[in-house]
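Structures incoming, each one as structure tokens.
Both of the next two complexes hold chain A, though its partner changes from chain B to chain C.
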Partner chain A sequence: MSEVRLQIQHLSKSFGITKAVRDVSFNVSKGEVHALIGENGSGKSTLTNMLTGIYTIDSGKFILDGKEVHPKNQVEANNEGISIIVQELGTLSGLTVAENIFLGHEERFVKYGIKNTREMNRQANELLKQYDFSHIRAEEQIDEYNFEDRKLIEIIKATYFNPKIVVIDETTTALSQEGREELYKQMNRIREAGNSVIFISHDLAEVLDKSDSITIMRDGSYIDTVRSSDVTEDDLKRLMVGREVSGDYYRTDYGEKVSDEVVLSVDDVSVPGLLHDISFNLHKGEILGFGGLSESGMHEVGKAVFGASYGRTGKVTLADGTEINNISSAINHSIAYTSKDRDNESLILNQSIEDNITLPSLNDLAGPLKSLSDKKLRTFAEKYAKQMSVKMQDVDQFVSDLSGGNKQKVVLARWIGKGSDILVLDSPTRGIDIKVKQDIYQLMNRMRQNNKSIIMISEELMELIGMCDRIIIMKDGAINGELTRSKELNENMLISKMV
Partner chain B sequence: MDARTQSMSKKKMSSAIKGYLILCVMVFLSWLVFKILTPDNFGTLDNMLSYFQASLIASAGAVGFYLVIVMGMFDFSIGAAIILASIIGCKLAAMGYGYVGLLGGCLLTGAVVGTLNGFFYIKLRIPSMIITTGLALIYESLANMIAGGAAQTLPANLRLFGQMPGNIILALLTFFAAYAILNYTKIGTYTYAIGSNEFIAKNMGINVDFYKFLAFLISGVFFGIMSVLTISYGSSMVAVTGMASMSRNFVPTMGCFFGLAFKKYGIPIQAIVIGEFMINIIFYGFVALGAPTAIQDVITGFALLIIVALTTKMVKGAIVK
Partner chain C sequence: MNATETNLSKEEELAKAKRINQIRTYLPIVGLVAIFCLFIFLTNGEMIAPKNLILLLNQIYVVMISAMGVFFIMTMGGLDFSQGSILGISSIVICILSPHGIALAIFGGIVAGACIGAVNAYFHVCRKIASFIVTICTMFLFRGFIKYFASDSPVRASMTVYDYDRIELKLACTVAIVLVGFLVFRYTPFGTYLKAIGSGERGAMFAGIRTDRMKFFIYTLAGALTGFAAFLNIVKNGSATANVGNQLETQILIALVLGGMPISGGAKVRFSNIIVGSLLFYVLYSGLTMIGLSPQTLQLIEGVIFLIFVAVFADRKALKVIK
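Right, the complex of A and B next:
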């Protein structure tokens, strides 16, 4: 049996009345990639946030190489040999690349209170070279680099000091294929050095492919630890959800004719530096997919349709000839939009579920003198939160307390409540567990059957293939191909048009 | 060095040059407008040197205040702090302590004011604008009590920092100190880190409250230096009450906005100094024109807001609060 690196013993954590982690115990071995999976809200991130000092521990302990550790922040965690790469951006604007890499560890460059910037830059450049990221310069402001490069810098920051445990928390969904490959390479390097990775991901195929063992959590509790080679995706789904989950949660219909009725036309739309002369039609009851590499411009298509792009030219027109040029006209004409950046662009995190769901419908809910009735707002929010099965205490709960999947349900509840006929969903299942994904796919299918039209933008090729009537592939800000729904459609056919 | 690296280095270089160019063009245009309007009594080389010396006063405070502004905080007690520190420094100097009294009194008072601002901000968890407004009233009253209602005049033999080269040497040392703090100490790194994302900074083990406190303290010391230059240049100081000191907040604050606007070019301290110079050119331009004070203030305010708005060039869609 392999040597134990980290022992997690009877760990618990509560937030108010919510028990996020309940008496969890399991071990992580030396030199392994140990996946941690579970539905949204199962307690994975809470557990690793305690390990890395972001949250305090209520009870229980972490024992690393035989010694109990309880870091109070990430720097203390780093000093204990633990680091984390987070899902969202973990670097700080206004600092240089070198300052970001060594943030919290400047002491080694400080003598008599003076920071040796030259030495810091030199060491950072050496690391960048070692990691083969030579196109990044240590002395540059980090703001000069795109999301992908900044993630690469985070990888260095989390691994350069040879930590014993690296937590990778749902990072791959934020990366393009190239970025993912780089991350996998680093995971292998860590494993080969005899250190361990705790790998959190909702992509079960990726989990099975990249990890050695898998721990499953559900509702804050430990369920099981299995060897990756001994299980299938369906086994994992069953363990995560607690019951049998059908493997084909995508649409199962093929050959259904899509209505000829065009509900939205996009003609020669361009956005400076992002989109060039995009034209397409969206039909009634159609799910139209957009795929491509993350920088292909596909995410901008959603914004352009919703009137949220800057400097857009060209026309976005509804069937009745109404032109959509800004967000207000989009919402007033029954267009909904969910952003890829859920926390920053779709939700008001420090407001209640009720506030978030009712926000675009306030005019519809207002009384004769534009007065708003608390009771009416609450009933409205409760109705749609319930319809979307949002896991919550009540609609007064702050959205910031919800898991990623439940946040997404709140966003969708908002637009269902508004009665939108055209939905632009950018990465609707990003960072969401399998059960909520299934709920969202089923919802989309029902909406399609009810003649709602959907534009689905996604970096997940399988969900595009599984859910869309047509898939438009974007490359370098332009349309590079279109594929129609069929049983024969596969990932390679999409990839060939993406690269 | 690969091609992309070379292009990035060139980009950085050109970024700073671009920043300097924009600043120089703005200074030149400000000079040109008034030179055309009032050619005889404005903008000679001697005049410009005089405007520059006057601008050093606010610059000395602004380069320290920049730390507070970058962290997302504010200070409405600048004017009151300047008055209080100037009066205490002046009193000590006149009491026979000479330059030690002047420098020590001003700098220590600035440090105490900064300490109080930082302490109450951290402990009471009230927005810095409210805290410093409340404290400004106290500092004003304190200055009034110490001055006993009379104007405090700095003895004529102690005005080394009111003229060349004393004022320029002190100001240059101040700018150098601010530059060094920002670029060669942990404080500078943490200032930007906290200003960028306080939550992440905290998670990186940075004692956010301590560094915020430190920013106020350092800013206070720089305002102390500003007080030395102010009292040395103007030779006397009158204590005011009822928030009349607020008018002294404007110039150093505007200088900081120049710093923020030109941070992206990597030259915030330099931008503060040149920005303050430009503010003075505009101010003396109006004086040369003989414009009434109210009109001067209105036009100066508008002109500076337009300049900062044009140079800041916010990213489209970025949220500004």
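Right, the complex of A and C next:
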């Protein structure tokens, strides 16, 4: 075993009466990628948030290179040699790229009280060059760049000062394959420089592939630390859940014939700058997958089908000839949509579970003169929340209080309640833990058997392969290939069509 | 996003949210009763003398009807500062049309109000300008028109309007409008749609609500409601001066906030905010006047109370830039 970089000793943290982290101890070695896994709510993020100074420590300590550290904020953490890359956007809009990179460290460029912007930009540009991100300019506003590029800028921000520990908190779920590759490269660089990475991810295949050792947490407690080379994905699942994961994960059927009946056809659909001449048919009882890099236009396909694209041309037609041109006609004609941007587009966070579930169905539930009965609404919401086993106190609870997996269950409950026959699911399992993922896969399978049709857009190639009857691969806004369900299908076959 | 933290402090947060919600619901009502009783005591019962009660009611009609439109707008997360000017323009239109028949005058007032509301809606919805900017602009613009029409001498209505200055008529109109508003807001999808737009416009759009159409309609409706309120105003005053409708927008805003309305709109608004708020505002106002405070002191006290209520009722979780 190599030298110890960080010792975590008897760490505990409570929020009110609940213990988020209970007496956790383990070590992180020099020059390793140390994965931290566990289901939602297992305490991973609380632990790393204490390390990076976002939360205070209740008891226990962090010892970095033999010296106890307890940073009070992220800038102090940086000065101790600790940095973090978060899941969602960690950059500030309205500032330039350079200002974002050096946020909190402006004093380096201040002389006689005046900030030397030119010097700041020069150094930032140098860093961008060093990291091989030369297409990004330090002087530009950060808003000029897309999500992926902004993540790359965050990587620089978190690593340019050669920190001893870099925490990467579920960053990869938000990234496309190429963004991930870039992140992996940087992780390797950090590791080779003798520094350490604490890597939090829900993607177990990725964890096994990219980390040296893995610590598993469950319900705030430390469970075990294992060498990545000694374990399988199933071992990890068992350790995380605390019992054998029973039942099937993906679909197990192969060679089932899909009906020839077309329920939805998309003809020559284009969206300026995003999609060019897309045509395909969706059949009854089919799960049709869309894969590609995140900029390939696949996410726009979902929006186009749902009538939510701006400036769309071409036709989206149902079997009976109805054309879908806007969101309300899509919903009224039994099309459902779950967005990749769950918090803003699929849900209304600051409203109750009941409101969120009933919203698209209000007109169906209304009686004469459009009158609504509170009791009817509540029964409806409770029925479908229960059917999806949403973990909640009651349906009055606000959606903003729920975990990612439970939020997605609310979204699905809404559309099951609406009785939609065509479901467009964009990244349905993004940032969701194994147990809920399994629930969603099983639900999709049941729906398929009940002759509902599903379009599944996903950046996780394994779930496309595991769930879909057909997979359409997108590249640069156009269709670049189609693959049919088979046991032989593997990730490389998809990737070769993506790039 | 930190799942752990949100999961674990949930119970506490829920309990806290519940408490705040309770305060938000009951404080205005308790406040209304308390202040009413206090002023009855301070004015030795003067406050509930019939002539004072009628005076009080007379002030409330206009604000309560106009406040309903603004309530809908604020529920969607917007603001409207143009109501005073709308009242002014509509009052002038009513005065001018009143010799040609009262029905035409009322209709004209409503149309004038709706048109200004539609101007607000056009710039806010189609040109994507924040509502408070748009409505501040139209406030100044139409205030200018009012000054132009009414500066030299007030615009006088035909004497026939005084025939309608009957308490039962004004009360019935107000009650009817507020009642219809309540039923539609509380018991049809309309209210839920407005709240959904206020809590998350994009999410509402993706749930199938035609958000732009809805917003356009509501701004126009708010203008039309104030256009009708202008009729009750003219019935009382008989003419429109250059100052007609001055500060109505602030009175509405203070009334709604006193009624417990969160300034960012969304899921936590209640229809009772309008009624309790308007009553509270005028009980406070006339009470303070009766115990002999000068208008200047009144304004100062209003400001302080307004600030306190905004601070108490702000829904910090939902607080963002107002649309």
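To be clear about the criterion, the second predicted complex is superposed on the first by the 443 of 499 C-alpha atoms of A that agree within 3 Å, B and C clash if a C-alpha of one lies under 4 Å from a C-alpha of the other, contacts with A are read in each partner's own complex, and residues count from 1 in each chain.
Just so it is clear, a contact is a pair of C-beta atoms (placed from the backbone, for glycine too) under 8 Å apart; a residue touches a chain by one contact, two chains touch by 3 or more.
Fair warning: this is a prediction, and the values are worked out from it, not measured in the lab.
In the superposition on chain A, A:Gln351 contacts chain C only, with no contact to chain B.
With both structures placed on the common chain, the touch criterion links A:Gln393 to chain C but leaves chain B unconnected.
In the superposition on chain A, contact of A:Ala205 is made with neither chain B nor chain C.
Looking at the shared chain after the overlay, A:Val499 reaches neither chain B nor chain C. Set side by side, chain B and chain C differ in how many residues of chain A they touch, and the one touching more is C. Contacts of A:Ala319 after superposition on the shared chain: neither chain B nor chain C is touched.
In the superposition on chain A, A:Thr46 contacts chain C only, with no contact to chain B. By the touch criterion defined above, A:Gly113 reaches chain B but does not reach chain C. Once the two complexes are laid over each other on the shared chain, residue contacts for A:Tyr337 go to chain C alone; chain B is not touched. No residue of chain A touches both chain B in one complex and chain C in the other.
Remark: chain C residues 1-14, 17, 187-190, 192-193, 195-196, 199-200, 202-210, 266-267, 315, 317-318 touch chain A in the complex. Looking at the complex, you find that chain B touches chain A at residues 2, 4-5, 8-9, 11-12, 70, 180, 183-186, 188-189, 192-193, 195-197, 200-206, 263-264, 266, 316-317. Against chain C, in their complex, chain A makes its touches with residues 14-20, 40-46, 49, 55, 87-88, 220, 306, 308, 327-328, 330-332, 337, 339, 344-352, 355, 358-360, 362-363, 366, 369-372, 393, 397-398, 400-404, 414, 431.
Partner chain B is touched in their complex by these residues of chain A: 53-54, 72-76, 90, 92-95, 99, 103-104, 106, 110, 113-115, 117, 134-135, 137, 139-141, 143-144, 310-311.
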